[in-house]
Amino acid sequence: MSERITDHPVLDPIERKKEVSFLFNGKSYKGYEGEPIAAALLANNIRTLRYHEESGSPRGIYCNIGHCFECRVTVNEKQGLRACLTPLKEGMEIQSSGMLPTPVKEWRETHV
Amino acid sequence: MYDVIIIGAGPAGLSAAATTANQGLEVLVVDEYMKAGGRLLGQLYEEPDGTYWNGIKESNHLYERANQSGAEIKLGTSILNIEKSGDVWLVYTEKDTYETSHLLLATGAAESPSPVPGWTLPGVMSVGAAQVMTNVHRVKPGKRGVIIGVNPLAAVIASELQMAGVEVTALTLPQMNGLNEEAAHPKQVMNQLLHVAHMAPSALIRQGSKWMKPSIMQDLGITFYPKSGFKMWGIPVHLRKAVTEILGDEKVAAVKLATVKPNGDVIEGTEEIITCDFVCIAGGLYPLTELAAVAGCPFYLVDELGGYVPLHNERMETALDGLYVAGNITGIEGAKVAIAQGVTAGLTMASNHGVQGLKDRIEQSIEEIEQTRDNAPFHFHPDVKKGKQIVQEKWEEMMAAEQPL
Amino acid sequence: MKQQDFLVCRCEEVTYNELMETASRTGCTARELKLRTRAGMGYCGGRTCRPLVQQITQKLEKAPHTRVTLKYQPPVRPISFGDLGGGEE
(Lines give C-alpha, C1' and ligand atoms only; values in the text may rest on other atoms or scores of the structure.)
Protein backbone atom coordinates (compact mmCIF):
# COMPACT_ATOMS: atom_id res chain seq x y z
CA MET A 1 0.00 0.00 0.00
CA SER A 2 1.39 3.36 -0.95
CA GLU A 3 0.39 6.65 0.48
CA ARG A 4 0.98 10.35 0.12
CA ILE A 5 3.48 12.14 2.31
CA THR A 6 1.73 15.15 3.76
CA ASP A 7 3.95 15.96 6.68
CA HIS A 8 7.64 15.88 5.86
CA PRO A 9 10.01 16.77 8.72
CA VAL A 10 12.35 18.86 6.55
CA LEU A 11 10.78 19.61 3.18
CA ASP A 12 8.04 22.23 2.83
CA PRO A 13 4.66 20.87 1.74
CA ILE A 14 4.30 20.77 -2.04
CA GLU A 15 1.59 22.75 -3.70
CA ARG A 16 -1.13 20.26 -4.60
CA LYS A 17 -3.28 21.77 -7.27
CA LYS A 18 -6.91 20.83 -7.56
CA GLU A 19 -8.05 17.25 -7.21
CA VAL A 20 -9.07 15.70 -10.52
CA SER A 21 -10.71 12.45 -11.65
CA PHE A 22 -9.24 10.21 -14.29
CA LEU A 23 -9.79 6.75 -15.75
CA PHE A 24 -7.23 3.97 -15.69
CA ASN A 25 -8.26 0.88 -17.64
CA GLY A 26 -11.85 1.99 -17.36
CA LYS A 27 -11.92 2.52 -13.60
CA SER A 28 -12.20 5.95 -12.03
CA TYR A 29 -9.52 7.31 -9.67
CA LYS A 30 -8.56 10.63 -8.16
CA GLY A 31 -5.25 12.45 -8.24
CA TYR A 32 -3.83 15.96 -8.27
CA GLU A 33 -3.69 18.03 -11.41
CA GLY A 34 -0.15 18.38 -12.75
CA GLU A 35 1.41 15.51 -10.86
CA PRO A 36 2.86 12.72 -13.02
CA ILE A 37 0.37 10.02 -13.96
CA ALA A 38 2.76 7.50 -12.36
CA ALA A 39 2.60 9.28 -9.00
CA ALA A 40 -1.19 9.54 -9.10
CA LEU A 41 -1.49 5.83 -9.88
CA LEU A 42 0.97 4.82 -7.18
CA ALA A 43 -0.95 6.92 -4.65
CA ASN A 44 -3.95 4.79 -5.68
CA ASN A 45 -1.83 1.71 -5.03
CA ILE A 46 -1.46 0.85 -8.72
CA ARG A 47 1.97 -0.45 -9.66
CA THR A 48 1.35 -2.36 -12.88
CA LEU A 49 1.28 0.08 -15.78
CA ARG A 50 1.59 -2.31 -18.72
CA TYR A 51 2.35 -5.88 -19.73
CA HIS A 52 5.35 -6.70 -21.86
CA GLU A 53 4.49 -6.92 -25.56
CA GLU A 54 6.06 -10.35 -26.03
CA SER A 55 6.04 -12.15 -22.70
CA GLY A 56 3.13 -10.41 -21.05
CA SER A 57 5.12 -9.91 -17.84
CA PRO A 58 3.82 -7.02 -15.71
CA ARG A 59 5.85 -3.80 -15.63
CA GLY A 60 5.72 -0.63 -13.56
CA ILE A 61 7.87 2.44 -13.09
CA TYR A 62 11.58 1.74 -13.10
CA CYS A 63 13.64 4.94 -13.55
CA ASN A 64 10.83 7.45 -12.95
CA ILE A 65 12.56 10.21 -14.94
CA GLY A 66 11.86 9.29 -18.55
CA HIS A 67 14.90 7.20 -19.40
CA CYS A 68 13.64 3.61 -19.33
CA PHE A 69 10.20 3.85 -21.01
CA GLU A 70 8.90 0.99 -18.84
CA CYS A 71 5.95 3.11 -17.66
CA ARG A 72 4.58 3.86 -21.10
CA VAL A 73 0.80 4.04 -21.29
CA THR A 74 -1.85 5.20 -23.73
CA VAL A 75 -3.35 8.56 -22.77
CA ASN A 76 -6.46 9.78 -24.56
CA GLU A 77 -5.62 7.33 -27.35
CA LYS A 78 -2.07 8.59 -27.79
CA GLN A 79 0.24 5.60 -27.37
CA GLY A 80 3.64 5.35 -25.77
CA LEU A 81 3.49 8.23 -23.29
CA ARG A 82 5.70 7.95 -20.23
CA ALA A 83 3.53 7.95 -17.11
CA CYS A 84 6.44 9.36 -15.12
CA LEU A 85 6.70 12.46 -17.34
CA THR A 86 3.07 13.09 -18.26
CA PRO A 87 1.19 15.55 -16.03
CA LEU A 88 -2.26 14.42 -14.91
CA LYS A 89 -5.29 16.32 -16.17
CA GLU A 90 -8.99 16.18 -15.38
CA GLY A 91 -10.81 13.45 -17.26
CA MET A 92 -7.74 11.74 -18.71
CA GLU A 93 -8.36 8.26 -20.07
CA ILE A 94 -5.31 6.16 -19.40
CA GLN A 95 -4.91 2.66 -20.73
CA SER A 96 -2.19 0.12 -20.10
CA SER A 97 -1.00 -1.95 -23.04
CA GLY A 98 -0.74 -5.71 -23.18
CA MET A 99 0.83 -8.62 -24.99
CA LEU A 100 1.04 -8.43 -28.78
CA PRO A 101 1.44 -11.24 -31.30
CA THR A 102 5.14 -10.87 -32.17
CA PRO A 103 7.20 -13.72 -33.56
CA VAL A 104 10.52 -11.90 -33.05
CA LYS A 105 11.54 -13.98 -30.07
CA GLU A 106 11.20 -17.23 -32.02
CA TRP A 107 13.28 -15.77 -34.82
CA ARG A 108 16.02 -15.00 -32.35
CA GLU A 109 16.14 -18.50 -30.99
CA THR A 110 17.12 -19.90 -34.37
CA HIS A 111 19.38 -17.06 -35.49
CA VAL A 112 21.57 -16.08 -32.54
CA MET B 1 17.57 31.47 -33.97
CA TYR B 2 18.99 31.51 -30.46
CA ASP B 3 22.50 32.45 -29.38
CA VAL B 4 22.52 29.58 -26.92
CA ILE B 5 20.45 26.44 -26.46
CA ILE B 6 20.94 24.40 -23.34
CA ILE B 7 19.66 20.83 -23.18
CA GLY B 8 18.92 19.92 -19.59
CA ALA B 9 17.45 22.13 -16.86
CA GLY B 10 19.44 20.64 -14.03
CA PRO B 11 22.01 22.46 -11.92
CA ALA B 12 24.56 22.74 -14.76
CA GLY B 13 22.03 23.83 -17.40
CA LEU B 14 20.26 26.39 -15.22
CA SER B 15 23.47 27.96 -13.99
CA ALA B 16 24.79 28.17 -17.56
CA ALA B 17 21.47 29.73 -18.61
CA ALA B 18 21.68 32.48 -16.00
CA THR B 19 25.33 33.11 -16.84
CA THR B 20 24.80 33.46 -20.60
CA ALA B 21 21.52 35.40 -20.32
CA ASN B 22 23.22 37.85 -17.94
CA GLN B 23 25.78 38.48 -20.68
CA GLY B 24 22.94 39.57 -22.95
CA LEU B 25 22.61 36.39 -25.02
CA GLU B 26 19.32 34.93 -26.27
CA VAL B 27 19.00 31.66 -24.37
CA LEU B 28 16.65 28.69 -24.56
CA VAL B 29 16.72 25.84 -22.02
CA VAL B 30 14.92 22.60 -22.88
CA ASP B 31 14.19 19.68 -20.56
CA GLU B 32 11.85 16.72 -20.87
CA TYR B 33 10.92 16.69 -17.19
CA MET B 34 7.90 18.64 -15.93
CA LYS B 35 9.93 20.52 -13.33
CA ALA B 36 13.29 22.24 -13.53
CA GLY B 37 16.17 20.97 -11.41
CA GLY B 38 17.06 17.57 -12.84
CA ARG B 39 18.46 15.13 -10.30
CA LEU B 40 19.01 18.02 -7.91
CA LEU B 41 15.24 18.12 -7.26
CA GLY B 42 15.28 14.91 -5.26
CA GLN B 43 18.35 15.67 -3.17
CA LEU B 44 18.08 16.13 0.58
CA TYR B 45 20.95 15.59 2.97
CA GLU B 46 22.53 17.13 5.99
CA GLU B 47 25.64 19.21 5.35
CA PRO B 48 28.65 18.91 7.67
CA ASP B 49 27.54 22.20 9.29
CA GLY B 50 24.16 20.74 10.24
CA THR B 51 22.05 22.60 7.68
CA TYR B 52 20.10 20.72 5.01
CA TRP B 53 20.88 20.70 1.31
CA ASN B 54 17.32 20.95 0.05
CA GLY B 55 17.23 20.09 -3.67
CA ILE B 56 13.80 21.58 -4.26
CA LYS B 57 14.80 24.95 -2.80
CA GLU B 58 18.10 24.92 -4.66
CA SER B 59 16.33 24.03 -7.92
CA ASN B 60 13.75 26.77 -7.47
CA HIS B 61 16.49 29.24 -6.75
CA LEU B 62 18.43 28.27 -9.89
CA TYR B 63 15.25 28.33 -11.97
CA GLU B 64 14.28 31.79 -10.73
CA ARG B 65 17.75 33.13 -11.37
CA ALA B 66 17.78 31.79 -14.95
CA ASN B 67 14.26 33.06 -15.52
CA GLN B 68 14.96 36.54 -14.16
CA SER B 69 18.08 36.90 -16.24
CA GLY B 70 15.91 36.43 -19.30
CA ALA B 71 16.46 32.80 -20.33
CA GLU B 72 13.49 31.04 -21.90
CA ILE B 73 12.84 27.68 -20.23
CA LYS B 74 10.79 25.00 -21.96
CA LEU B 75 9.93 21.98 -19.82
CA GLY B 76 8.18 18.77 -20.82
CA THR B 77 9.99 18.79 -24.18
CA SER B 78 12.12 15.86 -25.34
CA ILE B 79 15.01 16.30 -27.71
CA LEU B 80 15.12 13.69 -30.47
CA ASN B 81 18.28 14.68 -32.29
CA ILE B 82 20.89 17.37 -32.76
CA GLU B 83 22.76 18.10 -35.96
CA LYS B 84 25.19 20.67 -37.29
CA SER B 85 24.25 22.45 -40.49
CA GLY B 86 26.91 24.90 -41.62
CA ASP B 87 27.59 27.13 -38.62
CA VAL B 88 24.27 26.35 -36.99
CA TRP B 89 23.25 23.63 -34.58
CA LEU B 90 19.79 22.22 -35.22
CA VAL B 91 17.92 20.91 -32.20
CA TYR B 92 14.98 18.67 -33.01
CA THR B 93 12.08 18.19 -30.61
CA GLU B 94 8.88 16.26 -31.31
CA LYS B 95 7.15 19.39 -32.57
CA ASP B 96 9.73 22.00 -33.45
CA THR B 97 13.26 22.47 -34.67
CA TYR B 98 15.35 25.16 -33.01
CA GLU B 99 18.55 26.75 -34.25
CA THR B 100 21.49 28.05 -32.29
CA SER B 101 25.14 29.05 -32.59
CA HIS B 102 26.15 27.55 -29.24
CA LEU B 103 24.71 24.31 -27.91
CA LEU B 104 25.32 23.12 -24.36
CA LEU B 105 24.63 19.50 -23.47
CA ALA B 106 23.79 19.32 -19.77
CA THR B 107 21.92 16.04 -19.92
CA GLY B 108 23.17 14.67 -16.62
CA ALA B 109 23.34 11.01 -15.74
CA ALA B 110 21.36 7.81 -16.08
CA GLU B 111 21.30 5.03 -13.51
CA SER B 112 23.32 1.90 -14.16
CA PRO B 113 21.27 -1.15 -13.48
CA SER B 114 22.35 -4.01 -11.23
CA PRO B 115 19.98 -6.70 -12.38
CA VAL B 116 18.84 -9.53 -10.11
CA PRO B 117 16.27 -12.24 -10.81
CA GLY B 118 12.81 -10.70 -10.57
CA TRP B 119 13.86 -7.12 -11.17
CA THR B 120 11.19 -6.43 -13.78
CA LEU B 121 8.37 -6.92 -11.27
CA PRO B 122 6.27 -3.83 -10.59
CA GLY B 123 7.54 -2.41 -7.31
CA VAL B 124 11.19 -2.81 -8.28
CA MET B 125 12.63 0.57 -9.21
CA SER B 126 15.94 2.34 -9.44
CA VAL B 127 16.93 4.02 -6.21
CA GLY B 128 16.68 7.39 -7.95
CA ALA B 129 13.08 6.60 -8.88
CA ALA B 130 12.20 6.09 -5.23
CA GLN B 131 13.94 9.34 -4.36
CA VAL B 132 11.94 11.34 -6.90
CA MET B 133 8.64 9.69 -5.96
CA THR B 134 9.26 10.46 -2.28
CA ASN B 135 10.86 13.89 -2.23
CA VAL B 136 9.52 15.49 -5.39
CA HIS B 137 6.03 14.01 -5.74
CA ARG B 138 5.50 13.03 -2.09
CA VAL B 139 4.13 9.60 -2.79
CA LYS B 140 5.70 6.77 -0.84
CA PRO B 141 7.27 4.16 -3.12
CA GLY B 142 5.84 1.62 -0.69
CA LYS B 143 5.53 0.82 2.96
CA ARG B 144 8.62 -1.28 3.42
CA GLY B 145 11.55 -1.55 1.07
CA VAL B 146 14.85 -3.28 0.49
CA ILE B 147 17.71 -1.47 -1.25
CA ILE B 148 20.01 -3.66 -3.34
CA GLY B 149 23.46 -2.14 -3.64
CA VAL B 150 25.57 -0.65 -0.85
CA ASN B 151 27.13 2.60 -2.06
CA PRO B 152 27.00 6.33 -1.24
CA LEU B 153 23.96 7.00 -3.45
CA ALA B 154 22.04 4.12 -1.86
CA ALA B 155 22.94 5.26 1.65
CA VAL B 156 21.91 8.86 1.09
CA ILE B 157 18.59 7.90 -0.49
CA ALA B 158 17.91 5.34 2.24
CA SER B 159 18.15 8.10 4.79
CA GLU B 160 15.86 10.29 2.71
CA LEU B 161 13.25 7.54 2.50
CA GLN B 162 13.43 7.05 6.22
CA MET B 163 13.04 10.79 6.82
CA ALA B 164 9.80 10.67 4.83
CA GLY B 165 8.44 7.84 6.94
CA VAL B 166 9.18 4.99 4.54
CA GLU B 167 10.64 1.92 6.21
CA VAL B 168 13.89 0.69 4.67
CA THR B 169 14.36 -2.75 6.10
CA ALA B 170 17.84 -3.34 4.69
CA LEU B 171 20.64 -2.15 2.45
CA THR B 172 22.19 -5.26 1.04
CA LEU B 173 24.37 -6.61 -1.74
CA PRO B 174 23.14 -8.26 -4.93
CA GLN B 175 24.12 -11.90 -5.45
CA MET B 176 27.36 -11.94 -7.40
CA ASN B 177 27.22 -12.56 -11.15
CA GLY B 178 29.42 -11.79 -14.13
CA LEU B 179 28.17 -8.20 -14.30
CA ASN B 180 28.51 -6.98 -10.76
CA GLU B 181 31.69 -8.48 -9.25
CA GLU B 182 32.72 -5.20 -7.65
CA ALA B 183 29.31 -4.23 -6.33
CA ALA B 184 28.64 -7.74 -5.00
CA HIS B 185 32.03 -8.44 -3.44
CA PRO B 186 31.84 -7.81 0.32
CA LYS B 187 35.48 -6.86 0.66
CA GLN B 188 35.50 -4.48 -2.29
CA VAL B 189 32.28 -2.86 -1.17
CA MET B 190 33.80 -2.44 2.28
CA ASN B 191 36.80 -0.70 0.70
CA GLN B 192 34.55 1.65 -1.22
CA LEU B 193 32.60 2.44 1.93
CA LEU B 194 35.79 3.36 3.75
CA HIS B 195 36.10 6.32 1.41
CA VAL B 196 32.84 7.69 2.72
CA ALA B 197 33.32 6.42 6.26
CA HIS B 198 33.14 9.90 7.76
CA MET B 199 29.55 10.07 6.56
CA ALA B 200 28.46 6.99 8.43
CA PRO B 201 27.38 7.75 11.96
CA SER B 202 28.43 4.33 13.01
CA ALA B 203 31.22 3.72 15.45
CA LEU B 204 32.05 0.47 13.72
CA ILE B 205 32.68 2.01 10.35
CA ARG B 206 34.30 5.16 11.69
CA GLN B 207 36.63 3.16 13.90
CA GLY B 208 37.03 0.68 11.12
CA SER B 209 38.33 3.24 8.67
CA LYS B 210 41.37 3.72 10.91
CA TRP B 211 42.33 0.15 11.58
CA MET B 212 41.17 -1.41 8.35
CA LYS B 213 43.59 0.38 6.08
CA PRO B 214 46.05 -2.49 5.62
CA SER B 215 44.56 -5.12 3.36
CA ILE B 216 44.97 -7.91 5.90
CA MET B 217 42.88 -5.93 8.36
CA GLN B 218 40.25 -5.44 5.72
CA ASP B 219 40.08 -9.19 5.29
CA LEU B 220 39.59 -9.54 9.00
CA GLY B 221 37.11 -6.70 9.01
CA ILE B 222 34.88 -8.35 6.47
CA THR B 223 35.33 -11.80 8.00
CA PHE B 224 34.28 -10.58 11.42
CA TYR B 225 31.71 -8.24 9.96
CA PRO B 226 28.55 -8.89 11.98
CA LYS B 227 26.23 -11.19 10.02
CA SER B 228 23.29 -9.15 11.21
CA GLY B 229 24.93 -6.05 9.69
CA PHE B 230 25.49 -2.70 11.32
CA LYS B 231 23.08 0.17 11.43
CA MET B 232 23.43 3.40 9.55
CA TRP B 233 20.76 5.95 10.42
CA GLY B 234 18.99 3.04 12.06
CA ILE B 235 18.91 1.08 8.78
CA PRO B 236 20.58 -2.35 8.78
CA VAL B 237 23.44 -2.45 6.27
CA HIS B 238 24.41 -5.96 5.22
CA LEU B 239 27.73 -6.67 3.59
CA ARG B 240 27.56 -10.39 4.27
CA LYS B 241 24.10 -10.92 2.82
CA ALA B 242 22.94 -10.75 -0.77
CA VAL B 243 19.61 -10.78 -2.54
CA THR B 244 19.38 -13.88 -4.73
CA GLU B 245 15.89 -13.22 -6.04
CA ILE B 246 13.01 -10.77 -5.87
CA LEU B 247 9.78 -12.65 -5.30
CA GLY B 248 6.24 -11.79 -6.32
CA ASP B 249 3.54 -12.63 -8.76
CA GLU B 250 2.01 -9.42 -10.11
CA LYS B 251 4.23 -7.23 -7.93
CA VAL B 252 6.99 -7.36 -5.33
CA ALA B 253 6.11 -9.41 -2.26
CA ALA B 254 9.52 -10.27 -0.79
CA VAL B 255 13.20 -10.77 -1.44
CA LYS B 256 15.22 -13.90 -0.87
CA LEU B 257 18.32 -13.01 1.12
CA ALA B 258 21.29 -15.35 1.61
CA THR B 259 24.47 -15.10 3.64
CA VAL B 260 27.60 -14.80 1.54
CA LYS B 261 31.26 -15.60 2.13
CA PRO B 262 33.82 -12.76 2.21
CA ASN B 263 34.40 -13.41 -1.51
CA GLY B 264 30.71 -13.06 -2.31
CA ASP B 265 29.84 -16.75 -2.74
CA VAL B 266 26.42 -17.66 -1.41
CA ILE B 267 26.43 -20.09 1.53
CA GLU B 268 23.93 -22.85 0.79
CA GLY B 269 20.99 -23.18 3.11
CA THR B 270 21.18 -19.66 4.53
CA GLU B 271 18.34 -18.18 2.51
CA GLU B 272 15.70 -16.23 4.33
CA ILE B 273 12.62 -14.48 3.03
CA ILE B 274 12.23 -10.78 3.82
CA THR B 275 8.80 -9.40 3.03
CA CYS B 276 8.60 -5.97 1.44
CA ASP B 277 6.42 -4.15 -1.06
CA PHE B 278 9.14 -2.33 -2.96
CA VAL B 279 12.77 -2.87 -3.91
CA CYS B 280 15.32 -0.30 -5.04
CA ILE B 281 18.20 -1.14 -7.34
CA ALA B 282 21.22 1.05 -6.60
CA GLY B 283 23.76 0.43 -9.34
CA GLY B 284 25.26 3.91 -9.48
CA LEU B 285 25.15 6.57 -12.18
CA TYR B 286 26.77 6.91 -15.58
CA PRO B 287 27.07 10.03 -17.79
CA LEU B 288 24.15 10.33 -20.21
CA THR B 289 25.96 11.12 -23.43
CA GLU B 290 23.65 10.02 -26.24
CA LEU B 291 23.31 13.47 -27.82
CA ALA B 292 27.07 14.05 -27.76
CA ALA B 293 27.44 10.67 -29.46
CA VAL B 294 24.93 11.32 -32.25
CA ALA B 295 26.65 14.68 -32.84
CA GLY B 296 29.92 12.82 -33.36
CA CYS B 297 31.91 13.85 -30.28
CA PRO B 298 35.08 11.89 -29.52
CA PHE B 299 34.75 9.93 -26.26
CA TYR B 300 36.98 8.30 -23.74
CA LEU B 301 36.15 5.62 -21.19
CA VAL B 302 37.04 6.92 -17.72
CA ASP B 303 35.87 4.55 -14.99
CA GLU B 304 36.72 7.17 -12.36
CA LEU B 305 34.01 9.38 -13.86
CA GLY B 306 31.39 6.66 -14.24
CA GLY B 307 31.79 5.68 -17.91
CA TYR B 308 32.33 7.13 -21.36
CA VAL B 309 32.62 10.93 -21.34
CA PRO B 310 32.77 13.29 -24.32
CA LEU B 311 36.27 14.75 -24.48
CA HIS B 312 36.28 18.41 -23.50
CA ASN B 313 38.67 21.07 -22.28
CA GLU B 314 38.64 23.08 -19.04
CA ARG B 315 36.47 25.70 -20.70
CA MET B 316 33.85 22.98 -21.30
CA GLU B 317 34.26 23.03 -25.09
CA THR B 318 34.02 19.73 -26.94
CA ALA B 319 35.96 18.87 -30.09
CA LEU B 320 32.99 20.04 -32.16
CA ASP B 321 32.69 23.74 -32.89
CA GLY B 322 29.86 25.34 -30.92
CA LEU B 323 29.15 22.24 -28.79
CA TYR B 324 29.75 22.38 -25.05
CA VAL B 325 29.19 20.09 -22.07
CA ALA B 326 28.64 20.67 -18.34
CA GLY B 327 27.44 18.72 -15.34
CA ASN B 328 27.24 14.95 -14.97
CA ILE B 329 27.67 14.34 -18.70
CA THR B 330 31.34 15.11 -17.97
CA GLY B 331 31.52 12.68 -15.03
CA ILE B 332 29.49 11.75 -11.98
CA GLU B 333 29.81 14.39 -9.26
CA GLY B 334 27.64 16.45 -6.96
CA ALA B 335 25.28 19.26 -7.93
CA LYS B 336 27.60 21.98 -6.64
CA VAL B 337 30.31 20.97 -9.10
CA ALA B 338 27.67 20.93 -11.86
CA ILE B 339 26.61 24.49 -10.97
CA ALA B 340 30.23 25.64 -11.10
CA GLN B 341 30.75 23.90 -14.46
CA GLY B 342 27.62 25.61 -15.77
CA VAL B 343 29.15 28.99 -14.98
CA THR B 344 32.33 28.12 -16.88
CA ALA B 345 30.38 26.78 -19.87
CA GLY B 346 28.18 29.88 -19.83
CA LEU B 347 31.11 32.29 -19.75
CA THR B 348 32.90 30.35 -22.51
CA MET B 349 29.83 30.47 -24.74
CA ALA B 350 29.43 34.21 -24.11
CA SER B 351 33.09 34.80 -24.87
CA ASN B 352 32.94 32.73 -28.06
CA HIS B 353 29.85 34.69 -29.04
CA GLY B 354 31.86 37.90 -28.93
CA VAL B 355 31.40 39.24 -25.39
CA GLN B 356 34.70 40.92 -24.54
CA GLY B 357 36.72 40.86 -21.36
CA LEU B 358 35.70 37.48 -19.94
CA LYS B 359 39.11 35.84 -19.99
CA ASP B 360 39.90 36.39 -16.30
CA ARG B 361 36.42 35.39 -15.20
CA ILE B 362 36.66 32.16 -17.16
CA GLU B 363 40.00 31.36 -15.53
CA GLN B 364 38.54 32.15 -12.14
CA SER B 365 35.46 30.00 -12.77
CA ILE B 366 37.69 27.06 -13.72
CA GLU B 367 39.45 27.41 -10.38
CA GLU B 368 36.11 27.53 -8.64
CA ILE B 369 35.18 24.15 -10.12
CA GLU B 370 38.36 22.74 -8.57
CA GLN B 371 37.66 24.32 -5.21
CA THR B 372 34.08 23.08 -5.20
CA ARG B 373 35.33 19.59 -5.99
CA ASP B 374 37.89 19.76 -3.17
CA ASN B 375 35.25 20.92 -0.69
CA ALA B 376 32.67 18.26 -1.57
CA PRO B 377 31.72 16.26 1.53
CA PHE B 378 32.13 13.02 -0.43
CA HIS B 379 32.74 11.80 -3.96
CA PHE B 380 30.63 9.25 -5.83
CA HIS B 381 33.88 8.05 -7.31
CA PRO B 382 36.84 8.43 -4.95
CA ASP B 383 39.31 8.98 -7.80
CA VAL B 384 37.31 11.65 -9.59
CA LYS B 385 40.31 14.01 -9.72
CA LYS B 386 42.37 11.35 -11.48
CA GLY B 387 39.48 10.88 -13.90
CA LYS B 388 39.44 14.58 -14.69
CA GLN B 389 43.17 14.44 -15.32
CA ILE B 390 42.72 11.61 -17.80
CA VAL B 391 40.15 13.65 -19.72
CA GLN B 392 42.54 16.59 -19.80
CA GLU B 393 45.40 14.40 -21.07
CA LYS B 394 43.27 12.75 -23.74
CA TRP B 395 42.02 16.15 -24.84
CA GLU B 396 45.57 17.43 -25.21
CA GLU B 397 46.61 14.29 -27.09
CA MET B 398 43.72 14.80 -29.46
CA MET B 399 44.55 18.48 -29.99
CA ALA B 400 48.20 17.63 -30.65
CA ALA B 401 47.32 15.03 -33.27
CA GLU B 402 46.91 16.14 -36.88
CA GLN B 403 43.81 14.07 -37.29
CA PRO B 404 41.13 13.79 -34.68
CA LEU B 405 41.54 10.42 -32.96
CA MET C 1 24.91 -21.84 -5.29
CA LYS C 2 23.94 -21.67 -8.90
CA GLN C 3 23.03 -18.28 -10.23
CA GLN C 4 19.48 -18.15 -11.46
CA ASP C 5 19.08 -16.64 -14.93
CA PHE C 6 17.65 -13.13 -15.14
CA LEU C 7 16.83 -10.45 -17.69
CA VAL C 8 19.50 -7.93 -18.58
CA CYS C 9 17.68 -6.08 -21.36
CA ARG C 10 14.21 -5.34 -20.02
CA CYS C 11 12.80 -4.06 -23.33
CA GLU C 12 13.80 -7.00 -25.52
CA GLU C 13 13.83 -9.50 -22.64
CA VAL C 14 17.34 -10.77 -23.27
CA THR C 15 18.71 -12.86 -20.43
CA TYR C 16 22.08 -12.95 -18.72
CA ASN C 17 22.77 -16.54 -19.80
CA GLU C 18 21.90 -15.75 -23.38
CA LEU C 19 24.30 -12.79 -23.45
CA MET C 20 27.15 -14.58 -21.67
CA GLU C 21 26.76 -17.66 -23.82
CA THR C 22 26.65 -15.67 -27.07
CA ALA C 23 29.64 -13.55 -26.07
CA SER C 24 31.83 -16.48 -25.07
CA ARG C 25 30.81 -18.66 -28.02
CA THR C 26 31.40 -16.00 -30.68
CA GLY C 27 33.99 -13.81 -28.95
CA CYS C 28 32.16 -10.88 -30.45
CA THR C 29 32.27 -7.15 -29.89
CA ALA C 30 29.63 -5.24 -27.94
CA ARG C 31 28.05 -4.08 -31.18
CA GLU C 32 27.84 -7.60 -32.52
CA LEU C 33 26.47 -8.89 -29.22
CA LYS C 34 23.78 -6.26 -29.41
CA LEU C 35 22.91 -7.18 -32.99
CA ARG C 36 22.90 -10.91 -32.29
CA THR C 37 20.75 -10.77 -29.18
CA ARG C 38 18.87 -7.47 -29.63
CA ALA C 39 19.98 -6.43 -26.13
CA GLY C 40 19.89 -2.63 -26.07
CA MET C 41 17.82 -2.38 -29.26
CA GLY C 42 14.43 -1.99 -27.66
CA TYR C 43 12.09 0.82 -26.85
CA CYS C 44 14.39 2.65 -24.42
CA GLY C 45 17.24 2.79 -26.92
CA GLY C 46 19.57 0.85 -24.66
CA ARG C 47 19.66 3.53 -21.98
CA THR C 48 19.07 0.98 -19.23
CA CYS C 49 21.26 -2.01 -20.15
CA ARG C 50 23.94 -0.36 -22.33
CA PRO C 51 26.63 -0.27 -19.61
CA LEU C 52 26.09 -3.99 -18.96
CA VAL C 53 26.26 -5.04 -22.61
CA GLN C 54 29.50 -3.08 -23.00
CA GLN C 55 30.87 -4.63 -19.85
CA ILE C 56 30.25 -8.19 -21.01
CA THR C 57 32.40 -7.92 -24.11
CA GLN C 58 35.00 -5.64 -22.55
CA LYS C 59 36.09 -8.51 -20.37
CA LEU C 60 36.60 -10.78 -23.33
CA GLU C 61 38.54 -8.28 -25.38
CA LYS C 62 42.30 -7.94 -25.20
CA ALA C 63 42.34 -4.17 -25.52
CA PRO C 64 39.43 -2.32 -23.98
CA HIS C 65 37.40 -0.09 -26.26
CA THR C 66 38.31 3.13 -24.52
CA ARG C 67 37.27 5.37 -27.39
CA VAL C 68 34.40 3.53 -29.04
CA THR C 69 31.03 3.25 -27.39
CA LEU C 70 28.12 1.21 -28.61
CA LYS C 71 26.57 3.15 -31.46
CA TYR C 72 23.89 5.69 -30.65
CA GLN C 73 21.34 6.52 -33.27
CA PRO C 74 18.86 9.34 -33.60
CA PRO C 75 16.11 9.77 -32.69
CA VAL C 76 17.23 9.28 -29.08
CA ARG C 77 13.59 9.14 -28.05
CA PRO C 78 10.95 7.12 -29.92
CA ILE C 79 8.86 9.12 -32.35
CA SER C 80 5.32 8.21 -33.37
CA PHE C 81 4.41 7.72 -37.02
CA GLY C 82 1.95 10.58 -36.60
CA ASP C 83 4.67 13.00 -35.53
CA LEU C 84 7.03 11.65 -38.16
CA GLY C 85 4.49 12.37 -40.85
CA GLY C 86 3.75 15.78 -39.38
CA GLY C 87 0.15 14.69 -38.90
CA GLU C 88 -2.29 15.86 -36.31
CA GLU C 89 -2.41 14.34 -32.87
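Residue numbering begins at 1 within each chain, and the chains themselves are lettered A, B and C in the order written.
Assume a residue touches a chain if its C-beta (ideal position, glycine included) is under 8 Å from a C-beta of that chain, and two chains touch if they have at least 3 such contacts.
Everything numeric in this text was worked out from a predicted model, so none of it was measured.
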Pairwise touch network: line, ring, star, complete, or other: complete
Pair joined by the larger number of C-beta contacts - A-C, B-C: B-C
Rounded Å distance between chain A and chain C, as computed from the means of their C-alpha atoms: 24
Whole-Å separation of chain centres (CA-atom averages), chain B against chain C: 21
Interface hub residues of chain A, defined as touching at least two other chains: 52, 57, 59, 62-63, 67-68
Where chain C touches two or more other chains, by residue: 10, 47-48
Junction residues of chain B - those touching two or more other chains: 32, 78, 110, 120, 288
Touch list for chain B against partner chain C, complex: 32, 78-81, 83, 92, 94-95, 110, 112-113, 115-120, 175-179, 244-245, 258, 265-266, 268, 286, 288-291, 293-294, 298-301, 307-308, 405
Chain B residues within the chain A interface of the complex: 32-34, 39, 44, 52, 54, 56, 76, 78, 110-111, 120-126, 128-130, 132-143, 163-165, 250-251, 277, 288
Footprint of chain B on chain A - complex, ascending: 1-6, 8-12, 14, 34-36, 38-39, 42-43, 47-49, 52, 57-68, 84-85, 87
Footprint of chain C on chain A - complex, ascending: 52, 54-55, 57, 59, 62-63, 67-70, 72, 78-80, 104-105, 108, 112
Interface residues, chain C side, partner chain B - complex: 1, 3-8, 10, 16, 20, 45, 47-49, 51-52, 55-56, 59, 64-69, 71-77, 79, 83
